[in-house]
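In what comes next, chain A is part of two complexes: it sits with chain B in the first one and with chain C in the second one.
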Partner chain A sequence: MKAENPEIVAPYDQTPERQPHWRQEFPIDTPQDDYRSRRDFTKLMVITSVAFAVGQAWIVLLSRLRRVRGDAPVKDIAGVDELSVGSAKVFHYPGPTDACLLVRVSERQFVAYGQKCTHLSCPVIPKTEAQRLHCPCHEGSFDLLTGQPLAGPPRRPLPRIFVTIRGNRIYANRVQQGVV
Partner chain B sequence: MRIGNFSRSQRMAIVQGILFIVSIIAVMQLWLFTTTMEAYLGGDESFVLIAVVASLICLGLNLGLFHYLRALDR
Partner chain C sequence: MAVPESNEFFIDPSRCIGCNGCVQACTECDTHKGYSMIQLDYIDQASSPQTVPVVCMHCESPTCAEVCPADAIKRTDDGVVQSARKPRCIACNNCVLACPFGVPKMNTAMHLMMKCDMCYDRTSVGKKPMCASVCPSQALFFGTRDEIERLRPQSRPLNAFKFGAQIIKTKVNMMVPARSTVEHLDVVGALSEPTIGNQLEDGLWPNTFEIAESESESGKS
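After this line comes the complex of A and B, so read on.
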């Protein structure tokens, strides 16, 4: 087999001195150029592969942090008499920027969910007459009683906030594990 | 055969083959990443560790192939 010589160029696999005259006018070695561009693109794909592996590690890190953080503290969010049946109230839980919706679905039943649509984080709007939470951005709908997606692009349920009633007050005490 | 003994046409075939395999592996990693992220956001963390191991194996394969590619140029 012929040993590779960097001086040898295409198309005739000869040294520059033995190339035809036109090679002086057009000195680009196209096959070598193709080789380099493919090699560089392979390098780019390997860098992309590194980025995906880092992304996976990041998910593991988030998962561990979620476990370390534990449950959110109990928070007083509303009075029972503040909401009539079919009405809703926005509150923030567990953090001050985590908007949530409290909806009174019957005389003694309240449900609460994170307000961010699980598609692209638009705020959902309660439509209690239809028993749904509606996302106006892309016409997504969630079941009011379970938070499960019913229509539109969302595929994941809304994060549920567990509430308890003590006396005349409603308290948020936990976010559904693994959703927020 | 020593790596440096390949002709330029053979090297071109090798780099194209490596590029193809590396691209397939990177696409697999993309799929793995989106699936894991979707599951994580949906509350299912049961396979995040397995997924990261799989992704690291893919990365190892890609780095090995890239190392071979660099050796090809030396």
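After this line comes the complex of A and C, so read on.
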């Protein structure tokens, strides 16, 4: 229904030009609420496109940087005799704050993964009897032998740490890298 | 589809007989999901059987929509204030508390405010709302202004209400006596006035009490 005086808009009894700005952003009438201006649409498209382009460039930049830096240095992490079968040890690789897990799966087999759950970065706990790495935060589970997610919210595998055994010592070589 | 501008809602509470037909019919409307959105209020239940049906008045500046923090209550371009939009409504009850006519109803189970939307599925295709189609005394009348002038020569429609200092104009009309000179209905003021017929009863009640007391006293002595 048209107001008798269409220049005056309640509740402030002001002309549309003198209404606060939010009133134009949140109009009560459906036609104005559904209205999208060409400028708003163009702005949205440009900002989204630029965001995608910057994201792609960022990924390229990261992988370049990684290639330039090369692999992290080999690090001595444990002795073979330190771990009995089924036990685990926390070590830090490649940086001093990157916690990782070394698990002795069998007499001749060791596996190592980054300890951060790929869901929300809680530390995972080895459950060797169930052949799993368990994240208690949201009941996520990873396969002990492959690092693949088995249950719960995580969708990406745990980053693998490649290890070599030389003599009686275990060395961490490099971290398996994902896309980012 | 929109409600034709020629069709208007007219309410005449003096014709209401309190039959509750509108309340039942309202549940039949598809836009209310089986809930009745009309309310039959007693003006002064202690002294009068007079009822008044309360439907949404569809204000020109809907207070419910003004106070909605989720931007969920919208008015279509024919002036009908619709129920809250389900994806937006946060069931905060602001509209329920703010509406001067007490129209919006909160459906807690559905987390949704629903209100009288003038049976939008019916009125938008030229039919009458459910309540007006069943009202036996036509206290709720839906039709053109020509019709109401022809049918009710003693009344005239009025669509301005006063709440304190605020004057609210509505899409729905209230019928007032044709010879009255009021320009708006002072709703808050009317609350403090005695209802029609009460002055007479106020004079009657003390007399009856006095008689009863004197009779009991004489019986004792």
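The criterion applied here is as follows: the second predicted complex is superposed on the first by the 125 of 180 C-alpha atoms of A that agree within 3 Å, B and C clash if a C-alpha of one lies under 4 Å from a C-alpha of the other, contacts with A are read in each partner's own complex, and residues count from 1 in each chain.
Simple rule for what comes next: a contact is a pair of C-beta atoms (placed from the backbone, for glycine too) under 8 Å apart; a residue touches a chain by one contact, two chains touch by 3 or more.
What you see is a predicted model, and the numbers here were worked out from it, not measured in a lab.
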Residue contacts with chain A in the superposition, chain B compared against chain C: B
Which superposed partner A:P31 touches (first chain B, second chain C, both, neither): both
Contacts of A:A151 with chain B and chain C, given as first, second, both or neither: neither
Touching partner for A:A57 - first (chain B), second (chain C), both, neither: first
Contacts on chain A seen with chain B and repeated with chain C across the two complexes: 1, 3-4, 10, 31
Residues of chain B that touch chain A when the two form their complex: 1, 4-9, 11-12, 15-16, 18-19, 22-23, 25-26, 29-30, 32-33, 36-38, 40-45, 48-49, 51-52, 55-56, 58-59, 62-63, 65-66, 69, 73
Residue ranges of chain A touching chain C (in the complex, touch as defined): 1, 3-4, 9-11, 26, 28-31, 33
Chain C residues within the chain A interface of the complex: 5, 58, 60-63, 65-66, 71, 73-79, 82, 166, 169, 171
Residues on chain A engaged by chain B in the complex (per definition of touch): 1-4, 8, 10, 13, 31-32, 34-35, 38-39, 41-43, 45-46, 48-50, 52-53, 55-57, 59-60, 62-63, 66, 118, 155-157, 176-179
